[in-house]
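Questions regarding the structure given below will be posed in turn.
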Amino acid sequence: GGSDSDSGSDAAGSTAAGEYGTISDGTLVVATEGTYRPFTYHEGGAGDLTGYDVDVVTEVADRLGLEVEFEETQFDGIFAGLEANRFDVIANQISINDQREESYLMSEPYTVSPGVVVVAEDNSDITSLADLDGKTTAQSLTSNWFTVADDNGANVEAVEGWAQAITLLEQGRVDATVNDKLTFLDYETTNPDAGIKIGAETDEESLNAFVFTKDKVSLNEAFNETLTEMQEDGTLAELGEKYFGQDVSQ
Amino acid sequence: MSRNDANSGAGGNFGSQSQPGAMKRSDMNQGDVLFDVKGLSKSFGDLQVLKSIDLTVRKGQVSVLMGPSGSGKTTVLRSLNSLESPDGGTITFTGGPSFDFSKSQKKPERALLRDQSAMVFQQHNLFPHRTVLENVTEGPIHVQKTPKAQAIAEAEALLARVGLADKRDVYPFQLSGGQQQRVGIVRALALKPDVLLFDEPTSALDPELVGDVLAVMKELADEGWTMVVVTHEVTFARAVADQVVFMDGGVVLEASTPSQMFSNPRHRRTRQFLDRILNPLGE
Amino acid sequence: MSRNDANSGAGGNFGSQSQPGAMKRSDMNQGDVLFDVKGLSKSFGDLQVLKSIDLTVRKGQVSVLMGPSGSGKTTVLRSLNSLESPDGGTITFTGGPSFDFSKSQKKPERALLRDQSAMVFQQHNLFPHRTVLENVTEGPIHVQKTPKAQAIAEAEALLARVGLADKRDVYPFQLSGGQQQRVGIVRALALKPDVLLFDEPTSALDPELVGDVLAVMKELADEGWTMVVVTHEVTFARAVADQVVFMDGGVVLEASTPSQMFSNPRHRRTRQFLDRILNPLGE
Amino acid sequence: MSDNAQLFLDSLWPIVEGAIKGTIPLALISFSLGLIIALIVALMRLSKSKVLSALARIYISIIRGTPLLVQLFVIFYGMPSVGITLDPWPSAIIAFSLNVGGYAAEVIRAAILSVPRGQWEAGYTIGMSQTQQLGRVILPQAARVSVPPLSNTFISLVKDSSLASLILVTETFRVSQEIAAFSQEFMLLYIEAALVYWVISTFLAFGQSMLEERLDRYVSK
Amino acid sequence: MSDNAQLFLDSLWPIVEGAIKGTIPLALISFSLGLIIALIVALMRLSKSKVLSALARIYISIIRGTPLLVQLFVIFYGMPSVGITLDPWPSAIIAFSLNVGGYAAEVIRAAILSVPRGQWEAGYTIGMSQTQQLGRVILPQAARVSVPPLSNTFISLVKDSSLASLILVTETFRVSQEIAAFSQEFMLLYIEAALVYWVISTFLAFGQSMLEERLDRYVSK
């Protein structure tokens, strides 16, 4: 468990921070990719780490009286690092699914993202999820949208992330990509001439949450309480406005 | 290809231009001139290695080149085989092609010059990845397009002549130095060239093996092959050479019969050199 | 270390055990025995290369080893310098250490044997990455811990003796073969060993350069160094050797004075071998 | 634990299948084509023509100086912008062949140079054309020297081929990633993939020593 | 177009900074340590002791037979499960040094074997200990032969060090990924990173030829 780290105070509850069982007392080590705009990315490309997830987790930590420390890694390493007790929490738009819930603790969702089917501007064939049957889509291997596309009969090409998915789409090598609406909207604002559009909105929603190892029960609870608080006092909505012009937390 | 019509069928002898009545060996100025070298010169960068070399080689004669290290003996030989391109001078084959190095040489010309002769190297340079027989037949079969069966038969006959019939299927590394060198000679013979060139063929050998190679060379000479030999084996030169050519610093200092050269060299430098090699301890 | 007290100070001569009245060279059985080899034997795998070799080397004498290729000459020399570990036999230094190879040798023992002698290789084996001077002082300075200034002074004196004073700062590749070999000799001398071992020191050299090296070796012999020399230079053996040892197939066939050996060898094999090298064309 | 063991066993066949259908054919084809490229580039580099030799140098410098990942990306994602759109497999084969070509060119050049000059001359003196000297004399001997470094290149290629997953080729590593993404057991699956790579490499190394032995038959000892 | 040019210019310094603070020190340190490991492993492999030589073989086989990515993963994410938790930089240095150690060991072994036997013997005959023969005679000469292949290893290392981003080390490639994620122009940014790697490699290649020249001073021609 996290509490037997070298920083001493193993008497549960001896300090406010110690009771969360973080890797080091008083600090919350957060794993994030840092390359997933607008959730976790670098300001202006090479500036400070920023983004919706970054802001949310920072605010939560603040309210819990924890210093926050970000570790940026590739998606491959993110769960391995969590299990190796290198991180306290993952803040990277991790969507809730059965496998993950079986292996980890997941917080209440802080992002609710409707899925959209993104297609080329001149494409009129795909107007619903069902139209994906027999078509080729590009999906990130580690996202829930992979399963959604797969379930709807698409041939799925696994890619590393949004950027490659959208490149393949623009080059006409795939017919569509199912993805977060939020990501699409952000992309559209920066690349208005990309020649892509939403072919279909879906009923599917992806619920994205913070992830902890199973032993971080009290930390997870504290997160959930704080998230509810932030929901209630409008902080989450405010952060949503900042990045998406709307509340994305429900 | 000139080498093909110069000789025919290798029989009991080495398949050479053997002449019924062998010429009187000691007279270097008799016999038909096979080729004439005039004013041959060659520089490597700033270093002039050959400074107008003249050399006459007669049909069926053995010319021995001697001289200190660096005097240009190898370069002369390599020029004859067109392994080097001289900067100036001519080589004229009597009744055959001639080559003028003051003009730039084209590929077919260089190949024509090369095909007049065949070279036996000091380090034998056998093909290590081919058997003895393959080494010998490589040229006839793959270059001269001799029918395979004929090339093999001729190669076997030649190998038998140098006492290596039973080694036809082994690789060069399985042979002694003397045997390797004999294969090297046979490889050259198999091409049936007009001239055989030898560059210190025995100087990398164990002393006891030197004799075997020299004996083969003497036989070739006796059968009337035209040979140009760089060697410091005085015994061989005395017994076999028609002319001994002494080189120093890129020029021919003198050329004469062996008896003249070894008993009464004209130049001081020649005398000094011969002294050195005949009496290494200077006594 | 025995090599240190055997000699002292290199002065005008090679710093050897020079004896005022040089011994009568021709009598191989006079003089103090320096060491005695008895029953030396050695196999490589299944191949027995030395089959009970006996050899007596006297102080200040020159022993020449001759014999066909593969007869074991090099192996004897290498055993003396403990570059090979024999399987049996003894080497006994008069009034010094002795070595019994039927018992397994330990490292310090092997080092002790090695330190009695110094080897001059056929391929000189100079250190290519060190200058001439560094090659010579490497042993004295880094092994024998001679003070640097002294080692350099001695090395310079020795280099001057072989005519290479001006080459002290060049690298070996900048020297001719004969010069390289002379540096090899000086490198061995600088160690001041009891015995100098030479393995065909001139056989890789141009004929004109052979004399320079033999002359240096003769001088060493005249100054009274004990030397064991593998060579086929008959002129040298005749002039310098106290005994000539003829080996064949891993045994010593005969050992006698040069005049006896060259004029009247006892064994048929010896006669045949000497014939081969004295008359390569068999005439 | 037993869960992990089960996962390990269940994933073994899919991963091995990824090797058989992806890694191995990709590596074999790219290596063969790469060798041809390498030979051509090596000869260019050795040629007397300054232009050819400079071109070869530039090619080698780019291939060796930039990450393979980027080379793959440029060919797959970059080429469409100049109108050339290739499928994943052709892209992968082109990228890996070009890559092998750059690395192996230097190996082959060194191997050719390591054959003593006298061998060229011996070929010349018996009348061979330059092509014959190269094909019948030099290359067979160069082959011997170049087997160990080329087999290193091959083994590297096998492992590097995992990058092909980035351009949508399904091979060993991709399969293990897929299973890992589903099961969240990255560590286990990656080690499993490593094992498969190690087995392939070991086979190759074995093949190498067999080949070396065969090629050494005409060399003493 | 001009947008892209601007992006290119704006990203140049951050990417170069990634090279200066990440790639270059990581590569330098790992290469130096790797060489020491390689020398030890090479000597083990050459030693008469069957045990030492087998250990060295196994080490080399594992390092060369498995993907570097997995090696990094095991050291950073796997070791904590046996109680060893290292920071990113130490983990990266250990992983890359071990990797270089495996590859360079074979290079050094071959270089040592390429020094003629007579050089060992010349050292022995003038009374040197084995350590002196190795240190004063063999290694200085082996160095000459091993510079080209070792510089290949070094250049590979520079590029492979991009994998360090996987274990939280910020270097060239990671920086370009970050900018690409923001600007969505990953092609441009990857090529820019490739350019930086290429410059570093070219510098190394230049250093290599300088070094070779220096080491060649005692060799004819």
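The chains carry the letters A, B, C, D and E, assigned in the order they are written, with residues numbered from 1 in each.
To be clear about the criterion, a residue touches a chain if its C-beta (ideal position, glycine included) is under 8 Å from a C-beta of that chain, and two chains touch if they have at least 3 such contacts.
These figures come from a predicted structure and were not determined experimentally.
K.L.:
List every chain that touches both chain C and chain D.
P.N.:
Under the touch definition, chain C and chain D have B, E as mutual neighbours.
K.L.:
Could you see whether B-D or A-E has the larger number of C-beta contact pairs?
P.N.:
So, comparing the two chain pairs, more contacts are at A-E.
K.L.:
Relative to chain C, which chain's C-alpha centre is the most remote?
P.N.:
Of all chains, A has its centre farthest from that of chain C.
K.L.:
Quick one: chain C and chain E, Cα centre-to-centre, how many Å?
P.N.:
Chain centres of chain C and chain E, defined by C-alpha means, are spaced 47 Å apart.
K.L.:
Please tell me the distance, in whole Å, between the geometric centres of chain A and chain C computed from their C-alpha atoms.
P.N.:
Centre-to-centre distance between chain A and chain C: 82 Å.
K.L.:
Return the distance between the CA-based centres of chain A and chain D, expressed in whole Å.
P.N.:
One centre to the other, that is 38 Å.
K.L.:
Quick check: what residues of chain E touch more than one other chain, meaning two or more?
P.N.:
Those would be 73, 77-78, 186-187.
K.L.:
Could you tell me which residues belong to chain A and also touch two or more other chains?
P.N.:
Correct list: 76-77, 80, 83, 164, 167.
K.L.:
So which bits of chain C are touching at least two other chains?
P.N.:
Correct list: empty.
K.L.:
I'd like to see which chains touch which, written out pair by pair.
P.N.:
Here the touching pairs of chains are A-D, A-E, B-C, B-D, C-E, D-E.
K.L.:
Please name which positions on chain C make contact with chain E in the complex.
P.N.:
1, 3, 81, 83, 111, 114-115, 118-119, 121, 123, 125-130, 138-139, 142-144, 171-174, 187-188, 191
K.L.:
Which residues of chain E touch chain C in the complex?
P.N.:
Touching chain C: residues 116, 118-119, 121-122, 124-128, 132, 136-137, 140-141, 144, 217-220 of chain E.
K.L.:
Sort out for me which residues of chain E touch chain D in the complex.
P.N.:
Interface residues on chain E, with respect to chain D: 61-62, 64-70, 73-74, 77-78, 106, 110, 148-149, 152, 155, 159, 162, 173, 186-187, 190-191, 193-195, 197-198, 200-202, 205.
K.L.:
Applying the document's contact rule, which stretches of chain C touch chain B when the two form their complex?
P.N.:
68-69, 176, 203, 206-211, 214-215, 218, 232-233, 235-236, 239-240, 273, 276-277, 279-283
K.L.:
Show which residues of chain A lie in contact with chain D when the two form their complex.
P.N.:
Listed in rising order, the residues are 76-77, 79-80, 83, 99-100, 103-104, 141-142, 146, 157-160, 164, 167, 171-173.
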